[in-house]
Structure formats: structure tokens, C-alpha cells
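The structure under discussion is supplied below as C-alpha cells; questions concerning it will follow.
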Amino acid sequence: MAGRNHLYIPGPTNVPHEVLSAMHAPMEDHRSPKFPAIFKPLLEDMKKVFRTEKGQCFIFPATGTAGWEIALTNTLNPGDKVIIYRFGQFSHLWAEMAKRLGFDVEIHQETWGKGIPLDKLEARLKEDKNHEIKAVLATHNETATGVTSDIAGVRKALDAAGHPALLFVDGVSSIASLDFRMDEWGVDGAISGSQKGFMLPAGGAFLCFSQKALKATETSQYPRCFLDLRDQMNQNKDGYTPYTPALPILYGLRKALDLLLEEGMDNVYARHHRLAEGTRRAIAAWGMKLCAHPGFESNTVSAVVVPEDKDAREVISTAFNKYNLSLGAGLSELSGKVFRIGHVGDMNDVSMLGAFAGVEMAMLDCGFDIKPGSGVAAAVEYYRSTEK
Amino acid sequence: MAGRNHLYIPGPTNVPHEVLSAMHAPMEDHRSPKFPAIFKPLLEDMKKVFRTEKGQCFIFPATGTAGWEIALTNTLNPGDKVIIYRFGQFSHLWAEMAKRLGFDVEIHQETWGKGIPLDKLEARLKEDKNHEIKAVLATHNETATGVTSDIAGVRKALDAAGHPALLFVDGVSSIASLDFRMDEWGVDGAISGSQKGFMLPAGGAFLCFSQKALKATETSQYPRCFLDLRDQMNQNKDGYTPYTPALPILYGLRKALDLLLEEGMDNVYARHHRLAEGTRRAIAAWGMKLCAHPGFESNTVSAVVVPEDKDAREVISTAFNKYNLSLGAGLSELSGKVFRIGHVGDMNDVSMLGAFAGVEMAMLDCGFDIKPGSGVAAAVEYYRSTEK
Amino acid sequence: MAGRNHLYIPGPTNVPHEVLSAMHAPMEDHRSPKFPAIFKPLLEDMKKVFRTEKGQCFIFPATGTAGWEIALTNTLNPGDKVIIYRFGQFSHLWAEMAKRLGFDVEIHQETWGKGIPLDKLEARLKEDKNHEIKAVLATHNETATGVTSDIAGVRKALDAAGHPALLFVDGVSSIASLDFRMDEWGVDGAISGSQKGFMLPAGGAFLCFSQKALKATETSQYPRCFLDLRDQMNQNKDGYTPYTPALPILYGLRKALDLLLEEGMDNVYARHHRLAEGTRRAIAAWGMKLCAHPGFESNTVSAVVVPEDKDAREVISTAFNKYNLSLGAGLSELSGKVFRIGHVGDMNDVSMLGAFAGVEMAMLDCGFDIKPGSGVAAAVEYYRSTEK
Amino acid sequence: MAGRNHLYIPGPTNVPHEVLSAMHAPMEDHRSPKFPAIFKPLLEDMKKVFRTEKGQCFIFPATGTAGWEIALTNTLNPGDKVIIYRFGQFSHLWAEMAKRLGFDVEIHQETWGKGIPLDKLEARLKEDKNHEIKAVLATHNETATGVTSDIAGVRKALDAAGHPALLFVDGVSSIASLDFRMDEWGVDGAISGSQKGFMLPAGGAFLCFSQKALKATETSQYPRCFLDLRDQMNQNKDGYTPYTPALPILYGLRKALDLLLEEGMDNVYARHHRLAEGTRRAIAAWGMKLCAHPGFESNTVSAVVVPEDKDAREVISTAFNKYNLSLGAGLSELSGKVFRIGHVGDMNDVSMLGAFAGVEMAMLDCGFDIKPGSGVAAAVEYYRSTEK
């Protein structure tokens, strides 16, 4: 089909052309004396995105899934108890991973559409007088449902309970796009990936650990090697890596960090909020609802609930096959019930409006009772009144 | 500003990523024994786009402006009479060029918004009993006004008059996107450029000449060198060029031709018609008018007339500065009176709808009395009912 | 410094421009209905490089180090005995990994410069009457010393002993450049990476497992998740991946496989042999020796032993800083004693000759007693007499 | 054939990867308010390469051949007398162009291998008491023979004769690589192209004119349009172009200028001298001669004369077909008598040494009586003793 594919899944996101061009470079010797001048500034500048001065950043040639595993296996011991609130496919997968890796996982089921219940968490932590819980696994942005949890609130719950558990945050679809504050929120392990807010292809697990978490790596008896933070620490301090790095990801990251920091992280957050709010206005104008309950709406992805007599998969396949528009599918128990519009990464007003129009076409084709142009109109009004 | 620029000028058009990647290649020896295997098929396959079997195609490392000059200086003699109908900035520029190059230019002024008046042309040709007119210069698609002229009709006028003048066609913004038929319409010199329907950057003048025109190069006394067709013919027959070719344009052209021919020229024309018709529906829904008079509407660019109390330049600068949306300006006497939406090249439904929404925002910002979403709604209905 | 860097390390290797261009593409939805048509043929065509019909190939967004771990943790149980011959930094690292991951590792130290001693191996396997050894870890090409072991011979030793141990082969710096035969040699797990013979950047672990090894994944109790073959198998069968794939690696792999298979694997092996043999002729002409003992010489990398009074690190830093020529360093106990010339991947005669001349300059600068041009002369004679 | 092509023709030269990546960018509106911020600095920074403060630079979407024509047709009148010394294919072509364009061309034949004879020129200019000669056409670097003429000397000859003729210099294969000084040498029109010292693909004619030459554009009656400097001047002053520019050339030029100016023009000249001198040492060691007579040797290309019983074309085809090494052919009367080694652009020591070794192989294959390694040895000694 002629014309470009229009990509509005919540990751991989659209890679800016400057980033792709930066990745298009010959290989070099990653053990040369020049390499640290490339690698060290990446680790330093990444701290500005994680909003940390005390933490330490890491780059693994892997994905966010590996990031989850790195956090667990480097700081805990086999059998350690961890707690997680599950309210979507990605919190589900993290919980499952922790089980498969042999941890004692206490799973609290929440409604898909809600986020971490801070009161319940605080109560549970207070209850854990012996501090058997070694880590709280918090999904900052549940990509499956378009739900953002309050991580500052999680920290408050921990503090209110005086609980020493490590706080691990899945920030794969939040960091570099949603407000995230490593130091201020007392996060011990923040896990992100290259392919969302960082606007790169997948292939980089970007992580940040607090000194407390790094200290825990010394006592962890969990067997590990490829994903061992200690090997990275040993080599990173001199500007090197324990094994061959994925150079294109590093070259692209340089450019992506330049773009993010030039825009300014607060502006990046504000832009994602505006684009998301326009999306929500469009959805409301169509007379439809988000999967996310009020107060939990994500600024990187919106999961739109289709009427009961409709199948969201049909909307998605129509959009893709007829209009070359890629939307996110409903995952697991949401399959067929929602479609997802990603508004994360290298996006602006006109990008989003094209997507809304495309979604309108696909929904109309599927017999949805919506007024053509209605969503676009609502977003047009919102965007133009809020754009500087 | 974050996010991509949205480019809807009538050229340069958006270059497909496959074409840009094909252009990203090391240089090679253009005099090597391997070079003809690259160059000759380009000239052959280009004939399928010009729709010719009898004509011969040429590639100059130059632009469409050079193409105009090539047609004139290679086939005519200084002082020869040529006739041109002028109804926009590009027909104006071609007429001016012919004057500056020392030809005897008979300019017929037409309303900007109309195309070549076939009756008048036929009458004039019949009047020219001594065949003093050596060439008819016909602007197939006047990019400034969004007007397409009937070239088949021009041929009919020539034939009806039994007139032997050469027929030169400016197809810069038509060939490879609008229906064009070199052989069927008896075109003697067709001039195009790389940066419109061919979906490449500027830097290539793509031309096609009939045997009659090529014969005329032998008798032309016009001094010429860089733009001399004879030097090209001499070298092209062996698969070479008279001076260093612009290799990236050739590498990109290979891919662009593959894309065009795989889609099929008739499908390319039909796609441009659909995208243009949707644009016209949007414009009508806004209650606005085209610069083009009925019957002359272009399928590659639409020039939209703004109300008398509005300045189109304001719409354009708002779109660009506030929304990163590039629209075409009104040129010369149309400055401030129209803005232009390009729908030529690597476009599809969702691409266009994003542009319409962006135009709505810019017009609303400028105080236009339009209903938000109205243009998009009209186009949504048209596109979805006509997309396969 | 002006001019290109000349990269002759044994990985990452030079990426052909066609591969880099193929990697330069927009992201797409890895869960779209079109994705399997991209992914499945990669897995199929990779089998032709591994020389297997019965095995199954896998692509992880990781590196060769991860590949080692995948082989161990997916097929063995914690505490299982494995045997490894250690004769260089990479066999050392694999042995260390196995220990860190909790396996019972029987390490047999061999001279750095030799490969797997087949007689000793056979004797040891015969001794293991109870089949306590669950896997033989064989380093096909020890990149640190430039030593290639006889994997067909390892299989014979296993067969002669009637031993059922799994045969895992580190083929990171051999597969896709040295003769390797998964099925014929009865390899159970072959581990490679994207950044050597596959001519891609690092970021892809390319693996192949026999049915016997795949069967073992069902009984393995080793905790694993990111590197779990079962998740890949589940998703790969439908053409998908368990988490976001590194798309540029996939796009580049498509092109790299096309290049390799078009050349033909036997031709690829022959080319690597020729380029390596020319390198050895140059080294001999300099009056220097390989680290590899006779019969073990690698066709992908040559480790050159410097005279006792010289420091190889000085040669390497002179080559890099003064001539923009990147050579491989001596690792661990070979530090300062050897420098390494990589001749793996996208190389040809003239590429190698430039490197030899650069090495001559660096050695002369470091006071080596060699005759200028001597190495080049020897290689020139060899290459021109053997090139078709 | 596997491995990269080794390109040592005197243009197009190897494009640095940073330049190719910079060219790989989406199109933009060349009439946007942002465009002048891209275009104007290019014209300004180019002045540093032409070494001018008083002159004005121009960029045409064309080639060096067009540049020759621009100089002639914009400043002279039809029939004007010009003088040119002809001593190679490119001075020949420029002379032929001037004739074809209707100028009165006084051609002085010189030995191919020598450059402009300053004494004779001065004598001729003094003889021209009525100043009928309107322009001196000087080929700075004759690419066909590898001969560099003394342009400072040409200026002295003009001054000694008190002659007001315009001085036009073909600097296509000299500017940005050989010492060139627009202002100091009183050059009136300097013509270069993108594909040599500027390290870009062909497709850009880069020019610089003195105020005296620009003044002459006002009185020239020569008909011109596409190549009219006045149109460029009109538009360039505001940062725009008279027709669509070749954007990739502009994007690449930005990077190329950054690379050149960062290295420093004097360092660029010195590097070209060193690389050329090493080439000459290699040629001497082979017992062969340059086409260039002593004192005229070019630092961008060396034309090597083969023994009378040999055919240089065989060397070239062997190098290309057997070794993927591209050398320059002998042109016109030098066909078969010389092969040319380009050492212009993005080159360094190791690049050149690879070429010398490749040339040795090809010559040996053709039965040349040379000692393998001899040329490389001589160059190795020279390069390593002169590299910092």
C-alpha cells in the first residue's frame, strides 16, 4: 500500500529521523581508548532523564523484560518475598516472571483499569512487621490498560509503614515521557527500555539503581551472569562494557538524549499530557470510554473500550489493512474489548489528529455509531487552544 | 518542536524511507564496466512512467527548470516563435525563460484558475498558416493554481490545425502522479523533475523526447553544452553519461521506479485522484473554494482561496510555526489569497486527514468561520467509502 | 583524524552498507498480521547458515554471552556436571559463567594456542561410565588466541565413548564464516552472535538447537525467564516473539542472510580461508609467529606473538592513534604478548593488504626488526595467485 | 564479490559516513521561514574553503561542467575572446565548451603532463594591447594528467601585463583539497563541484565569484536562465534559491564543511600532499613514471605511465574485476597509456597503502616487472616518518 505506515502502538514508537541517521554508522572497537568518551556521557546524561543524582544508570543490550529480571535477580535472594499489584498484562507478566524465577510472589489482584491501591498497600506493609517483603514491584504505567499509578504515593506508603523493602518500578512505558523522579520518589530500581519514550528501536534495557539497591547486589546469592549488574559496574567505571555493546543503540541514544534534554524533561511531560488529553477529548466525543478509571489515565497510551456488541480486533485489523494505521490490540482478557492508541514518543498535534481520523474511519467501517469528524473536532479545539 | 514535520507542499514531496535508504550508498566509478547495468534499466523503466515506447528518456543532474531550458535550446533555433498560455506562476516562469533565451514568445494570458483554452489554441494554430509557430509550450499541471490542462486536447488542436509545431509539456508536477501519455498524446518533449511524483529529492531533471524532437536537435543552432541532449545521447547509448552523474538520485530512482511500477501507473493515478477528491470534499465542507475553475482541478495540489478579509499567509505561518505543518504559499499575484495543500507522492488517506485537521486548526486560529472537524468529516466519509 | 577508521578487530566486524541501509527503517508493529512474513523466513534461512534441517533457530535481542547462558539454563538442571576445555579468554569466560550459574564445571586447562584435545576428551568421556557429564562445552573458535577446534572430532569422541552428553558449541566467531555443520556434527546447541560472520552490529544472539536439546528444555528446572527458549518456541511457531524484538537487527539480518546465501556458504568459508592464509603468509614474512599452534589456526582471527622485548599494546595503540587502524588486543594472560588481526566478515584482498601495511608501519614505529613491505609482498603473491 | 569496493578514482570520491547520514533526512519546505538559517551559513562557510572574504559563493543543483558554463555565460558576451592552455582532457573539454557556446577561443596546446606556461602566457597577454582577451581560463588541476598549474603565477602574469581579463579557474579537482586562494590570487571565477574535495556525491556546482565578475553579470548579454547568477543573487540574499534546491546536497555540505573546517584548510592541504607524496614514492619504487612533468605533480591524483608494451586498461580492468579496486582510466589520447590513482577526499595512510598493494597485484597479474611489496614499502617508510 502506498504511503507510510502510521504507527500508534505504545511501542516500538516512531524513531525520529535524526536518531535513525545517528544509528547508521560504521562499527568501531568498543575496547578502544576513545570508547569511554562515548559511553560515559550516555550513562551520565541518562541520569537527567531518570531524574537522579544519587543513582547509577545502566545500559544492557537487551529489552525491558530483561530489565525486570535484572532488578529481581541482582538484589534479592531466591525465595525472597516480593509484593505486586496486578491490573494488566504487563504487571501480570512481571508477577509471573518473579514466580518463575523462584521468588515468593504475593500477588494482589486489582481491577484492570485501576492502578496500585495506595491505602491497601500501606496497610499491607504495616502488617508486615517482620519485613518479610523484600521488594515492592510497581508498574508505573500499565501499557495494557493505559493506567498510570502513583509512584510517589507508593513511596509514601513505604515510608508511612517504615518499611525497608526495595521499590522497583516498571517504567518501560513511562520513563522519558511521564513525570518520573528517581531520587525524589526514593525508587530503588527503575526499569525502562529503548523503544518507548526514548524513541529508539528495541534492543536496549535502560536501568537506574539506587545506592541501596546496588549495595544489595553484593549480598544477592541469585545465580546470574549475562544480566549481572556487578560485571557492568566493574567495566562501566572505566567507560567499558563486559561484552560487546549494541553500538547502534548507543549512537542513537546519544541523539535521543540530546533531543529530550534540549526539549527539557518538564516540556516532554507536558507535551505527552497535552497529546493524551486531546486523545481523551476525542474518545469522549465519540461517546466512548477509557479502560482506565478516572484518576488513572495514562499520558502515553489510551485503551478505548468498544461497545459490548463490537469486537475491537475488527477495528484494529480494518485500520491496519485498509488504512495502514497501526493501533495497539487488547491483550489477554482485554482482547477484543479495547483498542489502544499510543501517544508516546516523537509525536505532535497533527500526528495525533491523523490517527483520530483514521480511527474514526475504521470504527465507522465496523458499524460504530459515531459522528464522522466528531473526535477530531474535539481534539482540534483542545490542541489549538493549548498549543503555544 | 517535537515530532515530525508534516510536509504538504507540492514538492519536494515526502521521500519514502526505502528510497532514502537506497540513496544512502557509497559512491562508485561511473565509468566502470558495471555502471551501464545500473543506468540503462533506469532509462528503460522510466519510459513506462512516461508511457512511451517510441520516445527516449533522459536524466540530467539538474532540476525541472533546466528541463524547460533543455526542451527549448535543443530543438529550436534562436528567435523561433513559440506559443504559451499563461495562467499561473510556473507557466509565467516558463514564458519568461523563453523570452530571456531569445525566442519569440507569443504569450496568451488566461485567468489564473483556468488551463489551456483548447478552442482558442486550435483557432490560433489554424491561423498560423505559414507554421511560424515552432513549438507549443503546455503546462500540464500548473502548480501555482492547482490547475490541470487537457494535453490530449492540445494534441487534438494541433492535429485539427494540421500544425507541425513541437508539443512541449511541463509535467514537473504531473508525471508519475497524473495520467500522462507520451505516445498516445503525441508529446514531443515531456519535462519532469525528481522531487514530485517521482518521490525523490530535487536534483534530477527527468525528460522524455519523441523521435521528432530528437531529430530537431540535429538542426538546432542554439548554443548549448551542459544541457545538450546530443552529449547525453552519445554517452547514454553505451550506458554512460557525459559528466559525473548524481549517483544518489540514480540509486533512489531505481527504488522509486520499483515502487511506482509495482503499484501500477493506473493505480498511482487513481490514488492521486482519490486523495485529491477527499481534499476537495474537505474544502467544500469548510465552505471554501478552489482557485481552480470547475473541470481544471488538479489531483496533485489544491489551491484554496481564503475569504477576502483573510490573509492566507497567516494560515501558512500558523500551520508551520504552531503545528509544524508545511503548506504551499500563494505565489506572485496569489500571494495571501490562497494556500496550497499538496497531495502528490507518497501519501495515503491518513496522511491527508492529518493535514486537513492541521489546516482546520490554523484556519480557526486565524478566525476563519469554519466548523471544527467539518473538513475531516467530509473526507473521512469519502475516503472510507472509496478505499478498497 | 581524516579518513575512515580501519576496523580489523575480530568483532564487531565491518557492516556492509546494504545491511546498514536495511537497518535504517521506521519501526513497525511486531504484533501485526504482516510480521510473521518477515520473521519466519529469517528463522528458516538462518538454518542454511547453521547447516541444519533438523534443528531450530532462535533470535534473542541480546548477545553471544546471553547465548552461552541460554544453552546452559534451558537444558540443564542446577548442579549438573559439564566439561569444558579452557585455552583462551572466551573458553575461560564460558567456564566461569557455568560456575557462577551453579553448574558443576569440570575445567581442563590446555595451552593457550591449542584447541580441544580430542584424545583426552574421548578418554575422559569413556571414563564417565555413569554419564554424569551432562554437556560438553566446546569453543569452536577461541577468539582470544585465534584457535579453531575440531568440532567434528568432538562429536566422534562422544560417539566413540557412546556418551549421551549434550554438545554445546560456542560459534560466536565461527558460524557464518568458518565451516560449521549443525546436523552433520551432531551439535545440540550452537551459539552465535550478530556481530561477527553475520556482519551485523551486536544486539542479536543467534542460536540453533537440536531436537534433543529442545526436549531437554522440558525437563530443565533451571529458573529462567528473559532467556527462556520455551517462550520463544511458543511465539515463534506463529511468527511472533515473546517480547519486543530488536527490529533493526531483524531488518539487517534479512539483508545479511541474502548476501551470505547468494555468495554460498562454501564460498564464504573459502574466502575466509584465503584471507586468513594471506594473513599467515604476511606474519611469516615478518618472521613472527601465531599464538595458534600448527593445525589450530583460525580463519577468522590471527593472534600474532610479538618478540619478548616488545609490548603488543604499543603496536595496537600506535596503529590506532597514529593510523586509525583498529587491531584486537591480547586478552588476560596474553595482554601485551599478542595483537590480533581480524579477518572475519565483509572483507576482501585489498582490505587485508591495507591492514598488513598499517601493521607494518606500527611495528616499525615500535622498533620491530621487520622489513617494510615484506608482509604485504608475501600476501600479494598469495592473494593474486589464488584469486579467481 | 564480497567486501567493499575500494574507490580510488579522482571523483566521485569516498563520502564520509557522517556526510551520508546527514544527507539521509526527510524533505522540507525550501520556502519556509526556517530555510535561510540552513542555507545562508552554507554560503558563508564555503567562503572559508575558497579562501575569500570579498567574493560571493553560489550553489547550483548541477555539476562542475555547469560551473564552467556559468562562468562563461554570465560574465562574457557572445563572441568574446577567451584564452586557454590545453594539456589534458578537462582543459580540452572546457575549451570545446567555450567554442560550442560561441566564444572566440584561443587555444594554446601544451604537452599533456605540463601545466600553464607562465612565461608564454605573460608574453601573450602583453601582446594583447587592445585587451581583446576578455578571460583567461585556467585549469588548476588537470584531472586527466595529474597536473597542477600555478594559479598565483597566472595572476602575476596578468598583473605583469597590466591585463584586465577575468581569471576563471577550474578548481573542480583542487578546491577543498589543494591550496587555493581566491582573494590572494585574484581569481574572478572559481568553479568546483561537490564530488571531489568536498566529499559529497555529484549534484552540486560550488562556485565563487569576485565582485569584478559579479559586476560583469550586469553587462553580459549572453542568453541564460537555469544557470543565471542573477537569479541566484536575487534569491540568495534572503536565504532562498530561484528553484527547488537539491536538499541532500545542502544537508551533506553542512557536515562536509564542518569536517573540513574542523581539520583546518591548511591541514587538509598538508594531508593531501602527504598522501600524494607517498603515492609518488610507491610509483618511483615500482620504477614507473608520472604523466606529470616535474614541478607539476598533483596532490589529488597521480597518472601513472605504463611501459610501452603494456596496456593500462588491462591493469584497470584486472584491479576492478579481480580485486574490486576502482582506478581512474587514461582519457582520450592517454587511453591505455596511464592509469590514475586518486588520493583526494576522505583518505588516510592505510587507505592509500591498500590501494598500492592492490595496484601491485594488478600490475603483476599483467606481467609488469615490479617487485611485490616494493611500492608499499616505500610508502610505508614515507608515511610513518611523516605522520604525527
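Going in written order, the chains are labelled A, B, C and D, and every chain counts its residues from 1.
Following the convention adopted for this analysis, a residue touches a chain if its C-beta (ideal position, glycine included) is under 8 Å from a C-beta of that chain, and two chains touch if they have at least 3 such contacts.
All figures in this text were calculated on a predicted structure; none of them were measured in a lab.
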Shared interface partners, meaning chains that touch chain C and chain D: A, B
Interchain centroid distance [CA atoms averaged], chain A/chain B, Å: 45
Interchain centroid distance [CA atoms averaged], chain B/chain C, Å: 53
CA centroid of chain B to CA centroid of chain D, Å: 34
For chain C, residues that touch 2 or more chains besides their own: 4, 14, 17, 20-21, 24-26
Overall pattern in which the protein chains touch one another (line/ring/star/complete/other): complete
List of chain B residues in touch with chain A within their complex: 1-4, 6, 14, 16-17, 24, 259, 263, 268, 271, 322-325, 346-351, 353-358, 360-361, 364-365, 371-381, 383-384, 387-388
Residues of chain D touching chain B in the complex: 4-5, 7, 9, 11-15, 20-21, 23-33, 61-66, 68-69, 78, 97, 100-102, 193, 195, 201-203, 223-228, 242-249, 317, 320-321, 326, 329
Touching residues (chain side chain D, partner chain A) in the complex: 17-18, 20-22, 24-26
